[in-house]
Amino acid sequence: MSKSYELFIGPNHPGIPGNFSLKIELEGDTVISAKGDPGYLHRAFEKAMEGRYYIQNLALIPRICVPEPDINEAAYAMAVEDLMGVEIPERAKYIRTIVLELARAANYTFWMGGFAGTLGLYTLAQWSFGDRDYALDLFAEICGARVYHMYIWPGGVRRDLPPGWEDKLLGYVKYMKERLIDYDNIFFKNVMFKYRTKGIAVVTKEQAIEWGATGPILKAAGVAQDVRKDDPYAAYEYLDFEIPTLTDGDSWSRAMIRRWELENSLNIIEQAVKKMPKKGPVWEKMPNPLKWYVPEGETYAKVESARGEHGFYMVSDGTGKPYRVAVRGASHTHMFTIAEKVLIGQRLADVSHILVSLDVCPPEIDR
Amino acid sequence: MVKMILIAIVAPLLAFSIGLSFMMIKRKVVARIQRRYGPTIIQPIFDIMKLLLKEDNISHGVIFSLGPIIAIAGSILSVFFIPIAGLNMLTGSGDLIALLYIMAIGSLGMALGAGDSANPNASIGISRALTLMFGYDLPLVIIVISVALQYHTTDLSAIVAAQANGHWALWSLPLSAIVGFVVTYGALGEHPFDIITAPHEVATGPMVEYGGKHLGFLMINHAFHLYVEIALFVDLFLGGASNIFIFYIKMFAVFFIMMMFDEVLPRFKIDDAVRFFWKWPTVVALISLIIVLVK
Amino acid sequence: MNILLEIMLATPFIGGLLAFIGGKVHRWVRYAVAVTFSFLTLIEALVYYNATIKGVVWGSLFGSKLVLQTNPISWLFLFIVTAMSFLIVIFSIGDMEEDKIKLDSYYMQLLFVEGAMVGIVLAGDLITFFMFWEIMSWTSYFLIIYGGKKSVAAGYKYIIMSIIGAYSMFIAIAMLYVKAHSLVYADVAATLAHSSATFVVWTVVLLGIGFFVKAAVMPLHTWLPDAHSEAPSPVSPLLSGVLIKMGAYGLFIVLYGFLSVQLAGNIMPSVFSTPILLYIIQWLAALSIVLATFLAIMQEDAKRLLAYSSISQIGYVVLGIATGTSLGVAGGLFHALNHAIFKGLLFLAVGAVIYRTGTRNLSDLGGLVKKMPYTFTALLLGIIALAGVPPLNGFVSKWMIYEALLQKKEVFLLIMAFIGSTGAFLYVYRLIHSIFLGQLPKKYENVKDVPILMQFPIWVLAVLTIVFGIFPGLAMNVIVKGMKLFGFKPIAYTLFGFPQGTAMGALKVINISAVLVVAFVAAWVLFLILSKSRKVSQYDNYAAGQVVTPELKYNYSFGFYMSFGRVIKSILKLGIERIYNYWVDAAKVFGDYYMRRVYTGNLETYNSYIVIVVTIAAVAILLGGKLW
Amino acid sequence: MEKMTEEQVKSIANMLRKRSLWMIHYCTGCGAMELPPTMTSRYDMERFGLAPYVTSRQADILLITGYLNVKTLRRVITVYEQMLDPKYVIGFGSCTLNGGVYWDSYAVIKQLDRYIPADLYIAGCMPRPEAVISAFRHLMELIDSGKADGYKRYKRNLAYYKENQRKVLG
Amino acid sequence: MMDIVDKIKGIEGVKVTVQRENRIFVDVSEDKVISTLYNMKLIGFHQLSVQNVIDRIKDNKFEIFYVLYSREYKINAIVRTWIDRENPVIKTADKIYPSAHTWEREISEMFGIKVDGNEDSGKPFILENWKDLPPMRKDFDSVKYSSEHFVFRHSEGENE
């Protein structure tokens, strides 16, 4: 007697965030096992990077993670700087902070829409995707591209901010803060939202630590771990911000953490713009690209992405090409160690919003 | 006789065009709520025509193809039992109680067709649809009984006639009217009750394997369905109408209010939806029923 | 003509004995005899269409005459009994295979049950009634235990409950005998009319318990789900379609043959202008409807699902009969006929599926529509009728019951009746979906439709669902005429429905079906004009981009309404069954020794028991009369 | 005369088709990132009658949003073959044209139109929403003039495509 | 910082190098790696950030590294070990760090390293129908593979 049946969530399914497949086995409407099936976005980044010069890899790395590419650039730049022993200029640090936070804010805005979409509220999805576009406009102004910026380089940033950009940025921050009130009214204060997400897919503090969760999952479980605080990079050590935490560890807490992180990012941008030195170099000069040899060594550089700790393990053998680059994406752990366990016992109706609340980003897993 | 045949042809067309106009307006209004420009107003016509004109169609079996046909036949049948603007086409052949079951023919056909598509997504969708129907049927039945007792008849045209000159059931049975409004949401599968087709959960549920002309038929059926549900509400609580324009205006008013709530609510889980229907709408409807009984 | 009544009563018994003897010669002799005699009984029954015959005395016992009679109401049930039995005998030939089960006395039992039920319906006094009632109980018990090991346990439950019911009836009959010294219906009625309210209530309640056990009205239903599901495929429709109707028939006789609404109204208070006794019966029926519906929704076994559905549907019959108004009682009686038709159809169709696949587990089946299209179509008609969707027969009778309740303003009962009907959508769809729709399991790829011998009865019943759906007047002819004899005001009806004034609204099923057909044809023509569709296999299916293979478990069937189950969890936990099971277990321990000896599984010995039991019953009546 | 009317019917059908193009909801690559903005309030492609739809049976356009690795290609072909005629394929981004930055990757195919027929390519990495919309407009023109016949080509040259697919998928 | 280094030095058979503030390399031999990881977790390194492999083809070795993190001390410790390139086998660490399970699946697929105790090792994970050398090994030539298996677009109108 076959009690269970199997369903594929993805790759061609709206309930999956990206090109990824989740095979779930259900009994009635309850999930009894979930197996992730990655590899639909596998492009062999790590292999490709071994075959390219450091300068060429700049074009490759943002494509590792699509919704928030700047973290890759930052981690890559930091790893190279670490190996070469380069200290970047003060202004570049602030610009990096601003860019990273802007990307984070854009990512959370995007996430919000996706999350509301899985719960059936398409209005917020429409609003927030539209609002995210204004952040992309700002990126387009500093580097010419909306999605893949290639702006943060080893040694600083590619070029100085265009004149008047800070004002536009502050305008965006102000606009987003106003919009956040609308978002709250339609979604975060919505009774139905609480009804659907409270107590769903709980990751307790102990579980989160044991399973190696980072980012919003850990914060929602009550642990204030954040690379920006613990191991400050860019200009975070000069800035004043708090790490929000909640204790429930359920889907609702994770959503609220992200909503507060969005507000946090906007505040950090405001501060950074205020504190940033108005003049100064933004790029420590690097060698000629073809003679750009990085000293032999191994290092691990990490940044805080919207999903958690994002790191590059870089090995150099003293030539112009990296010997080995290993990428650590937060989703890797979140999907296979956490989501597969958390989904068991949940309802089919909740599967897609749990996946989005854990913020699984497939390109980061597949690379 | 000629008049009968004429009515028999005109009534479904009229119902279809009213339903279609609601579909058109809805897409535009929803777009505006979502801060978008929205499609051209006649976009649903393009969609339906395109689907009907697909060169290739697939079928999983006879029942799969019959599903949408039975759905449309059932919907057309129920159109005849709803008096519109003084036309009482077949209201003498079946009353309100019969209508409740006639309206189920289409759902049953749809359910059979979707079941034959051999896809668990479709099966889950149907399971949800039937469960939801069970959910909203309880308050629906109670308000139907209250209206029938209020006017001492189950004949819809008599109910409409009794509400002439502004003596709407909305005024005499306000609580039932509110419940009826909520139930209409459930019956139409609007947010927050769009559990049946929820794309993120079951990939459009029953429609998962339907494409081409089958899907076109389902869209046509949706137009009829919109019409039937809202027209029933108007006939029960807003006193029907003496001519088609007033009838349309009343229907539009109901639909417009529905759209306003539609786009700001996430959807229920199916068992929560049933619990919801069996809690407040049922209690309120019962209070209204007891008031009628005592009166 | 009068002698025919006795011949008709004897026909099935004779047929049964002949079938038993003939079976020793050759099995085809057995089949021929069984078919011939059941057909003869049917023909004899048809002779009495709308006839009224009073008081054919065929013997006497303890100074009370033993009387046979018939009237249109009896005829209605006679028709149900004989027609269904005939069809079931035919189905049995196809279904019951010699090599699987010993069939020595199967047909004898079958025809004995038929004979017993004919006797019940034709009985004109309570002794005859009770005698045949007991024969029915015991012979049907033997039929149930044909279904294998599990069915023996189900049989225990059934027979224990039946004995309880029989004792209760027996006490009531004894009381009446002491009071009236004659148990002919007319005398009983006359006695009750001059008795005290307490006596009347006690009599009715005690008789009612016996009928309620048979009719499986909650809370006396617990034997039914086991017995109906474990019985062999052809026996289930007999039990569900016909046997439980005997309870309804008995109830009708007691309530309107012995009592009447006026009389009951005189001796007891009324609620919603209904005598309180009837009102309580209505509530029990309504509870049966709702709870059994909930339970049916949660079943994973096709026959159990149908068994619970039977409890729910018999609830409508009892609810209708207990309304006390012409429309309601007519609706209840009509529903008895309709239920026999569609439930018989459903059980036979499911039996056909079991015959081909060997399982009745819903989650093991699926996709059989491509393999068994005829059975599918018949079952589809059956579920539409059961769900009460126009234009099939279940709709009309339910409609009458609703309207009757609405007229009496019994709104809470009406709501419960409605809920049961909507819930029926859930379980009937579950039934058809899990068996015929969805993915076809690989092991059933070579399944064929059942042989003609099994399809014939199914299709006769399928046609009847349409006939009585579109022409309810056919049944109304009998029912209204019969109800006049019991003092009901005749209701106005036409061949196609009910005109304005009978109920709170009008009904004309022919118009509904005609428009439906026209609309269907119109939609179909449009469908055919458009470009043709290409048939694809069930594995060429949307699976989020992945490929569906036969190994993939891609069929949603188990726990079809699991989410709904969460909503009604608290209701299901009420656990009437648990209390019963406790008592049944206790009884089992107590009677185990005895049972082992008696129910050896050897049918030859069983046959003698029937006679013994009848004798014991007779002696008991004698003793009871003296002791009283 | 009869042929004439048939052609007229076809042109009317094409006119209707181009006004209602449903795009399958399948994010095959990173180009899917620019689709949400295109779909939603800022660029709102529903203006042109384009809407995302869920399953392969319902949709008309298959958008290959960027690089296709071999594992995805298998699914894409399944999805493409499940879609109903007429169906259109748009190659989105340079990766579908020639592999883009993944020219040396062992996992990514280099030319989309060897495996399924593409009606249109959008160059760039990644193309901006404006480019996407303009591509859709262009596709509409192609449909109107009857030039978007990828699905016919696929049927005509099925052996060619199947051979190529077999070589890669093994 | 230094007290934690001392603590780690207390584990049997480790060689500790401090690279810079908050980065420590802990080198152990192949057979000690699981016990070292266990002790590291006891010390407070609760999180495995990444586990992966470097193909040191010149030394004919695979270098396996585990990046650990301790929130308490805010230190990243990198445990490294070396195994032979021929018939490479490692022991699983997923009993100590559950997230190692997935990393090991990836390692076993991309480098062809067998992981003892991990039931998913050797099963296809990211790749499908892969018949060549494990692709992340240095001796696997990606350019050659892709030019053999895929057709590049050279000029216009080459289709059909």
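What to note about this one:
Letters A, B, C, D and E mark the chains as written, and numbering starts fresh at 1 in each.
As a convention for this text, a residue touches a chain if its C-beta (ideal position, glycine included) is under 8 Å from a C-beta of that chain, and two chains touch if they have at least 3 such contacts.
All values reported here derive from a predicted model rather than from experimental measurement.
Number of steps on the shortest path from subunit B to subunit D, with steps defined by chain touch: 1. Chains that count as touching both subunit C and subunit D, per the definition above, are A, B.
Central chain (C-alpha centroid nearest the global protein C-alpha centroid): B. With centres computed as the average of Cα coordinates, no chain lies farther from subunit A than C. The busiest chain interface, judged by C-beta pairs in contact, is B-C. In this assembly, the chain whose C-alpha centre lies farthest from subunit D is C.
Subunit A and subunit C have Cα centroids separated by 65 Å. Centre-to-centre separation of subunit A and subunit E, using mean CA positions: 23 Å.
With centres defined as mean CA coordinates, subunit D is found 29 Å away from subunit A.
Centre-to-centre spacing of subunit D and subunit E amounts to 39 Å, using the average Cα coordinate of each chain. Annotation for subunit C: residues touching 2 or more other chains are 540, 542-546, 554-557, 560, 563. Multi-chain contact residues of subunit E, defined as those touching 2 or more other chains: 126-128, 135, 140, 142-143. Of all residues in subunit B, those that touch two or more other chains are 34-36, 53-58, 120-121, 124, 199, 203, 208-209, 212, 269-270. The complete set of chain-chain contacts reads A-B, A-C, A-D, A-E, B-C, B-D, C-D, D-E.
Interface residues of subunit A, counted against subunit C in their complex, comprise 1-13, 16, 21, 25, 27-30, 347.
Per the touch definition, subunit A reaches subunit B in the complex via residues 5, 7, 13-15, 29, 116-123, 126-127, 130, 186-187, 190, 192-193, 195-196, 347-353.
Across the complex, subunit D is touched by residues 11-14, 18-19, 39-44, 47-48, 51, 59-60, 63, 66-67, 110, 113, 125-127, 129-130, 132-133, 136, 146-148, 363 of subunit A. Within the complex formed with subunit C, the residues of subunit B that make contact are 8, 12, 52-63, 65, 68-70, 72-74, 76-77, 80, 90, 92-98, 101-102, 104-105, 108, 111-112, 115-121, 123-124, 126-128, 130-131, 133-134, 137-138, 141-142, 145, 148-149, 152-155, 203, 208-209, 212-214, 217, 269-271, 274-275, 278, 289, 293. Residues 126-129, 131-132, 135, 140, 142-143, 145-146, 149-153, 159-160 of subunit E are the ones touching subunit D in the complex.
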